[in-house]
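Listed next: structures, encoded as structure tokens.
In the two complexes that follow, chain A is the common piece, with chain B as its partner first and chain C second.
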Partner chain A sequence: MNESADLDRSEALLWTILARFESLAVAQYTASAPALLTPQKLAAVALLRTRISDDAYLAGSGLEAPIDALLQSATSSREDHVLIAQGLFLEAIGEAIYRNFRDNEATGEPTRALCERGFAAGARAREMIPGLLRARIGDGDVLLQAIMTEAGPLLRSIDDLGEGIDASFLDRYGVSFADLMGDAAAELIAMCADLNVDRRKFVSFLTSALMGL
Partner chain B sequence: MNDVTTLTAPRSRAEQESIEKLMALAIFGEKVAAKIYLLCAQLQPEYGSLLTTFAKMEANHGAWFLDVSRANGIEPDRAFADNELSYLLAQVDEHFAKRDFDALIIVQGFIVESLAIATYESFLPIAHKYAGTHDIFQKALDEERYHVDWVVRYLRLRYFDAVDEFRRLAERVNVQGIDCIGGTMMNISEYLDKIGMSGAYCAGAMMDGYTRLLETVGFEQKDATKHVVGMFMPLIRKYRRGEKTK
Partner chain C sequence: MNALLIGSSGYLGGLVAAGLLDSSDQIIVAPIRGAHTRESVLAPIREELRCEGVDSSVDFDRIVTVPLTADADWSALDELVERYAIEQIIHCAGSVDYFNSALLHAANIVLTGRLLELARRHAMKRFVFLSTAFSSGYIDRPVREELHPGEGSDPTEYTKTKREAEALVANSGVPYLILRPSVVIGDSRDGRYSGKPYGLYQFWTAFERLLTDRYREAMHVISPRVQQQLIHQNAFKNGFVAACRHLPVNSIVNLVSLPDGLPTARGIAQQFCERIARPQQLFFYNKLSDVRAEINDRRMRMLLEFTAVNSEISAHAWRFESTALRRLRSLGLQFADTTLETVLTCQNRFVEKSPRIQAYLAKNEGLFAAQPGTVEVGVA
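The block that comes next holds the complex of A and B.
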């Protein structure tokens, strides 16, 4: 961990979580989806590495095990899995985190700058992912079936983050797990609708997986 | 609607108890819906005749469901329904005491109807298991959709060029309304599963249906989704933990 006078403990925890997300993205994109290893993504990771070099702020916190489980569920060398679990779902969740902390008066300037950069990286990925999914898997019901297979475990494990997110960020930043999931779901539903995925079926899948079914 | 043939197919105890809870909620929920439309009629005499007709339609649904339950050897679990509906009735009384017609019409026309439509739609494919239910649920579903169409038209006119005002109203009403009706959706999920439906699919259909209604009155799609998912997430999390929502 690099010492940083202008990051307090809660923001350092946020940086550590984002560093875990983005490190996994870089590793998986490098191995299986190099088109998504964009300059914007690399810039976000470079900024994270100026402050965060290990998991010290996450270790022992209530978020350590849920983050480990979430990222484990998103890890694979298969391209379909990487495009869906990482490219579609984790990017949408990351984007929700970046947006909520970027547009937040309680957030310090370094964190806002990070979130600006991370959000830009997510936006670039969002532009590219529909084309990659269409080319690799297809759209409509075929894509929905693949999403149900590849993203189900990730969604079923995400609920365990709720308590830790609320405990760490709700009082000070007004950011709740429900807010983040609402943001991420809104983005995912819009993207999937553009990919001809039936909206009712997709929402029902999301609901079912979040219910742990 | 009264010529229901008596026919009781063998059912497991779990299915029997589940259908007794679900039919009770349908029967007494329709009676509450009738009450809400009557209260709305009192608050807005301009629409009094129409809303009184809606109330009669809802009361008829309840009566049909009771008849068909008896014909199928289903004894509605009134205590379960009362427990689920008491929170809703408290909200309704509160809105009525404030003469808040628009809040009442959102609770009934959007939130309660979204639950009814999502579950009745999903019930139809399995209705053959309960003699005489398909036609009456189909008719009830058609009539609920008609009510919702009117509510959408009313709200679009009322809040034409005043979407921010509608947004504030919906957000205020939803805090309790979704907690209550969405909570009921979560509480009945396991019973829906036990009679051969999917509680999770119904919950998703309710969320999607409600989101679309907000969109028709002026919410942006992402905004509506974020709002509705954000309201349902605490309920989903309670479900995950095996906690009842109320």
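The block that comes next holds the complex of A and C.
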């Protein structure tokens, strides 16, 4: 349960979601990609855990099932999968979430502080991930094929979050699923272009996955 | 001629199953995989037949669903072929992932090869293969009803694998029928559609997801004045069944609408924007590179980028031989050609079923332009 009185219900839900995401990141980086287990990431998770000790605010909400499915599809002990699904995609989505709520006038100070810290932790991971991907998998078409294989199911389950995100955060914060995905897509397209992935093919893949194809 | 139908859980495979159940008394054996169940496969088939008003006269026991649990179940298929005296394979499965090479190879090449081996082992009378009208790749002449040499560039890796699969089928020694539909859209009469958001549905879905958050005074759309190769699902279904019934083995048929009334990408986009988006100003482009850099509406840019590959394919002036289809029409085939009016039927259905678009229409009614101004950008 949320142990703080200065988070309202919707912010507590946001913290709970982020705690689920970041806990998975720490578990997967610990097991399969220790380079990404940075002090910044551990500090962000520690901050989340000071306020959120269980999933009470998520339980029974419209987001519970799609979040469970998303995290399930992101979970793997294979290094390729962890680097792509967690390191590339979920970090990009995390960046979008942190940025949108950090820069949001409707969020309280604790949430803005969390988002500042989470954004910084993600930025450190995003600095490292291109080099790790290039060394482990390669770049260009080889990397694109790996991305399609490893991230396809994840993206399809992300699509299922849309209605729940909008229902929970759009009216209060003006943050919609399309905004978050737009920010994440822009970040991913830029990163993949730097890794010599054909932009047209990558965008087509994102479109298919995010449009329910 | 009893059939082994591969891909019955897909949109087109389901339409084929409905068409065959309605028009013949053959047994259809349909292997199903993964999370599919007999009921999940039969539900859309029943619904299609209900919409046609014939469900009560169809014996659904004639479709035999067989769960397959793993890739290694080919001996089970051999046993099914023997048990049900199957004489043809109807192969409607495959991947349409544009650039996922591994998946495309596995689903479109490897699977087809294995099914051809099955057909050969049992000396089947026919192998019916569902391909695509665009398997030629980009060529500057009409697409003939014959195998393609593959000299053109391909819009996607999907079209390349379909062309390679066609060659596998035609060179297998098994008598064959290859059907090449263009982009299948909803029923011409009521617009019903249960496929995924491809083609014009991609644009409509992108609008629904990205641009219904608020009213926009300006809309930017990539929509060249090029005819769009669309066929209605009822035309596809009737054409497929008629081809199976009337065409000799070793035929290839382009399942496409007559070109006379085919709408252009511009016409389709304009119809949607004027009736649904209703901006004050419409900017039309022929290609993504014509789009103004200064558009700072992020969602609008996403829509343009997300629909770019399909926009690019739709900018090619595809032309098709339709000798086989003309023959089928002369034999009585009811084939509803696509026009701007029939696309509107599909659009109306899509809009009617979209709560987001309904909310957009209700919320912004007072802001809509009676008639938007139009601007052509980058047109030579």
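One rule holds for everything that comes next: the second predicted complex is superposed on the first by the 212 of 213 C-alpha atoms of A that agree within 3 Å, B and C clash if a C-alpha of one lies under 4 Å from a C-alpha of the other, contacts with A are read in each partner's own complex, and residues count from 1 in each chain.
In this text, a contact is a pair of C-beta atoms (placed from the backbone, for glycine too) under 8 Å apart; a residue touches a chain by one contact, two chains touch by 3 or more.
Just so it is clear, the structure is predicted and the values come from calculations on it, not from any experiment.
In this superposed model built on chain A, chain B and chain C take up the same space, so to speak, and clash. By the touch criterion defined above, A:Glu187 reaches chain B but does not reach chain C. By the touch criterion defined above, A:Gln145 lies against chain C but remains apart from chain B after alignment on the C-alpha atoms of chain A. Once the two complexes are overlaid on the shared chain, A:Met211 sits against chain B and chain C alike. By the touch criterion stated above, A:Val203 is placed in contact with chain B and with chain C alike. Contacts of A:Ala178 after superposition on the shared chain: both chain B and chain C are touched. The clashing stretch of chain B relative to chain C, chosen from 45-53, 99-107 or 153-161, is 99-107 in the chain A superposition. Residues 162, 176, 178-179, 182, 185-186, 200, 203-208, 210-213 of chain A lie at the contact with chain B in one complex and at the contact with chain C in the other. By the touch rule above, chain A contacts chain B in their complex via residues 159, 162, 176-179, 181-183, 185-187, 189-190, 199-200, 203-208, 210-213. If you check the complex, the residues on chain A that touch chain C are 141, 144-145, 148-149, 152, 162, 176, 178-179, 182, 185-186, 198, 200-201, 203-208, 210-213.
The residues of chain B lying in touch with chain A in their complex are 189, 198-201, 203-205, 207-208, 211, 221-223, 225-234, 236-237, 239-240. Touching chain A in their complex are the following residues of chain C: 96-103, 156, 196-198, 202, 205-206, 209-210, 213, 298-299, 302, 305-309.
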